[in-house]
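Both complexes shown next keep subunit A, but they swap its partner, so subunit B is in the first and subunit C is in the second.
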Partner chain A sequence: METLFSQTTEAIRREAKDLLESGKVAAFLGFVKGSLPTVTRPFVARTPEETDKLVWNGLCVMNLANYLPGLLKSLEPPRRPGEPPPEGPLPRVGVIATGCWSRNMVIQIQENQMDRERLVILGVDSHGMIDRRKLEVLAGGREIQSLEETDERVIISGRDFKMETARQEVLRDNCLTCVHPSPVILDKKIGPTVPERRVHEPFARIEEIERMDAGSRWAWFQEEIATCIRCYACRNACPLCYCPTCFVDDSHPQWVGKSIDKTDTATFHILRAYHCAGRCTDCGACESACPMGIKMRLFTRKLQKDCLELFASEPGLDLNSPLPLTTYQPEDPDTFIIAGSKKQGTQGGSEK
Partner chain B sequence: MKILKLDNSDLKTLLTRWNETRDLFSPVEGNGKVGWQRIEPLAFNEPAEGVPRASIKVFFFPQPETLLEYSTRSGDRDAYVPRPAMGKGRERIILGVRPCDARSVMLNSLPFANDPYFKVRKDTTLIVGFTCERPCSTCFCSWTGGSPMGTEGMDIAMTKIEGGYLAAVLSEKGKELLGHLHDTKEASPEERKQLEALRKQAQKGTGPAGSPAEILRKKALMDLYNATFWQKLADSCINCGACTFLCPTCYCFDIQDETVKGKGRRIRYWDSCMFPLFTQHASGHNPRGQKIQRVRNRFMHKLKYFPERFGPLSCVGCGRCIRECPVNIDIREVMRDLLSIQ
Partner chain C sequence: MDSASDKDQKWEPKIIAFLCNWCSYAGADLAGVSRFQYPPNIRIIRVPCSGRVSANMILDALKAGADGILVSGCHPGDCHYISGNLYARRRFALLKNLLEFIGIEPERINFSWISASEGEQFAELVREVTTRIKTVGPARHLVKEIG
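Right, the complex of A and B next:
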């Protein structure tokens, strides 16, 4: 059956093939069908033939921006540390981008992780991606052996069941509250435009948590991360996490204990979230990647709300607006930073 | 091998008795998250099809395992003198273990044969397995030398039949667990035949022909190492540790000293060959500094190095890594690719 997804798939294959055939890009980053019905596999096509395998559907949940800095680097000719890059343009990569992924690309460009010139972005408006955990709940623990998706419906079936539901019912939480489905930087638009969305109470769940007293909120947080196995899938799926050595891996100095310990696990999750403050685009890759079904996206969502309220800032919407936490103006309020700022002449300057 | 026929009330009686002197554990489903938990005897339900999300290794490789304890208070007479911390604890019985998980204990015993900590865990743990009526689509135990009806690593293997269970008694400890039922509840010749038929049926696998372990042992290491498909895997992989931490036969660890307020402990905790620091040398050199090298190592270890050293594959075909990999890396494809290399 012809659907928006099948049309977009065809268009992506055509464009990607063109890009590789014409030599405009050295590689094209997209998705191929997975070996299981509820997942897709991020895939790097390096030959025009390989683009026939590309797909586009509601299961494309991994944020492709995550792969870009590494992939671009791997395509550069090898050189010694300190040696300047060769003359002339470096190999380029073609990539698919939805709203949130394109915003992550903006952030990576702003943070000097990659160069806009080296990207050819095929922009696709997102219709929202499917949460496979919601599908699992729908199937009631029975194994899902096939999945069919139309523009509005999702049909899953297994050994002795077949169920149909509205796509809306099984979309990821972040997609349900998304107001920026369209890519903000792109070289070519693929498929139809999705109108800017208005979401009623986009932070409803966060407000619910904010209303809890400190004790219940702490209990909620502990319960949420109780099953964490510290596999770092959330971190590794995140395009904001590109540090060569993460603070959790560092052993000299060691910032946090390495095994499963309540305090250490909590430290990891809190710090991971804070490192994403003012940068997270709510792409939901962390939650989609988690093998234990932890809803760690709520932690970054809270910080997103804070950034919006405190700085009126949504990161990655514009290459020319700086990220809220990496910019400083002399008139920024600082009374909360400087200890004893009421006294005259304290270290770090006084209030004027 | 002695086979007993137990009905549901026999099982309940047994569980209640076992619980008097031992801790019972079984897969428990809650909040959509399936894990292992200590249970009350009458709370035991036959496990749902498939395996719990966490593997049985949580019982044998606690996260973390305290190896030594010491004091760092200079006033203490034994300051900085480490004491072994090997608590024997109560015996425990793990119920509802699937054949793949049970077999993983046997496979892990090969490299850990002389590890005193592993040995204590193993000696104080009894495994009451439940064979699989209906394998999942991600199950491939028969490729790896196991079977949905497999009993390796179990003390007792339960197989559900009409009106109860057939219980195969597989160890002296298993025999002791069954007490007087061992002598009074022997299965009839018909019931034995029924079990035999189920086992034969389970042998009809769908995997590659022959024994993958044997075929891969014979292939030249460098041919497998230099295969071109590793690049494709590395392209998709995000290098998280989900596969290794869920895998029942991934046992790699690191050791660290943790000191808090004058009390120190040396812990052994899970490490993953997917992490860059796994092989980082003190000099700064990293022999597996690239993602492709780490991805390759995970599979080469399971499918080539381990079989060369110990015989079987270091994989039991439980399918956890396939189900939970966020980018759909599928070890069955890797096996097929490796087997097809000439």
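Right, the complex of A and C next:
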């Protein structure tokens, strides 16, 4: 059956094949089917033939921006540290980008992790991606053996059941509150345009938590992260986490213990979220990658809300506007600062 | 039970104060040489700039058993490095809100601007911060019991 997804899949295969055949790109980054019907796998096609395997559907949950800096680096000719890059253009990579992924690419370009010139971006408007866990709940613990997807419906079936549901019902939480489905940087648009969404109360869940008292918030936080096994899948899936040595791997000083001690787990989650402050685009890869179903996106979502409210800033929408924590305004909010008894200097000080 | 309440009565908060070298540390020094009295609960760590203080350090102090944190730098516009404290201000605003969001009492995490000439204000600030932290009692969240 012809669906939006099958059409887009065809278009992506065609474009990727063209790009690889013409030699415009050395590799094309997309998705192929995974080992389970509810999972897809990021894939690097390096020959025109391999592009026949590419797919596009609602299960493409991992953020492709995450793999770009490493892939681009691997395509450069090997050289010693400090040695300048060779003359002439370096090999390029083709990639699929939805709204949030393209914003992550913008951030990586702004943070000098990669070069816009080396990317060929096929822009696809996101229709929202499916939450595998919501499907599992729907199946009631039975094994899902096949999945079909139309523009509006999802049909799952197993040995002795077949169920159908509206796509909207099984979308990921971050896709339900997404307002930027269209890519912000792209070289070629694929598929139809999805209008900018208007989401009623995009931060409803965050506001709900904020209304609780401190004790209940702590209880909520502890319960949320209680099952964490510290596999760092959320970190590895995140396109913002590219430090050569992550703070969790530092041993001197050791910011976070290696155990699954409560405090260490809490510290990890606070700092992981905080390192994404003013950079997170709410792509939801962390939650999708989590084997334990922890909703760690709520922590970054809170930071996103504050960035918007305090600094009127949404990261990654524009290559030329700086990320909120790499800039400042003299009149930034400072009501949280206690400056001794006289509260002096908070107004006059900036005039110097 | 008695011993616990005894312990609570005797409890004095430990406060880690990150003070910038150029303003707040000098302010603390001025408070000292001017003989302004302030509670002995703070342990001062001198940092080059309030912009040097990262969330890692603040959480590390809490993990090691600090009951409260004070970060103090130059007034906006007076930073020795021109704008270190202004970048820091954005970061602290987000960090304070995030810690509050996950249930840390807001009284524990304090930020202030103290200049090198504000010895009296520094003493007053430490009194204020110590009182604030005393109202919320010993820290229990984010303290690592076995190290």
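Before moving on, here are some points about what is shown:
Note that in this section the second predicted complex is superposed on the first by the 327 of 352 C-alpha atoms of A that agree within 3 Å, B and C clash if a C-alpha of one lies under 4 Å from a C-alpha of the other, contacts with A are read in each partner's own complex, and residues count from 1 in each chain.
Note that a residue touches a chain if its C-beta (ideal position, glycine included) is under 8 Å from a C-beta of that chain, and two chains touch if they have at least 3 such contacts.
Just so it is clear, the structure is predicted and the values come from calculations on it, not from any experiment.
Contact with neither subunit B nor subunit C is seen for A:Gly316 once the two complexes are overlaid on the shared chain. Applying the stated contact rule after C-alpha superposition, one finds that A:Gly123 touches neither subunit B nor subunit C.
In the superposition on chain A, contact is made by A:Val39 with subunit B only, not with subunit C.
Within the superposed three-chain model, A:Gly257 lies in touch with subunit B and with subunit C [touch as defined at top]. Of the two partner chains, subunit B is the only one that A:Gly293 touches; subunit C does not reach it. Of the two partner chains, neither subunit B nor subunit C is touched by A:Gly94. In the superposition on chain A, contact of A:Ile337 is made with subunit C only, not with subunit B. Looking at the shared chain after the overlay, A:Lys302 reaches subunit C, while subunit B stays out of its contact range. Comparing the two interfaces of subunit A, the one with subunit B and the one with subunit C have residues 257, 261 in common.
Every residue of subunit C that touches subunit A in the complex is listed here, in rising order: 55-56, 59-60, 63, 75-78, 83, 86-87, 89-106, 110-115, 118, 121-122, 124-125, 128-129, 141-147.
Contact residues of subunit A toward subunit B in the complex are 34-36, 39-44, 62, 66-67, 70-71, 133, 136-137, 141, 143, 145, 159, 227, 229-233, 235-237, 244-245, 249, 251, 254, 257-261, 288-293.
Residues 29, 32-33, 35, 48-50, 53-54, 63-64, 134, 136-138, 232, 235-236, 238-242, 244-246, 254, 256, 258, 267, 269-270, 272, 275-277, 291, 322-330, 332-333 of subunit B are the ones that touch subunit A when the two sit in their complex.
Looking at the complex, you find that subunit A touches subunit C at residues 206, 209-210, 214-221, 247, 253, 255, 257, 261, 263-264, 266-267, 270-271, 273-274, 277-278, 299, 302-303, 306-307, 310-311, 324-326, 328, 330, 332-334, 336-342, 344-346, 349-352.
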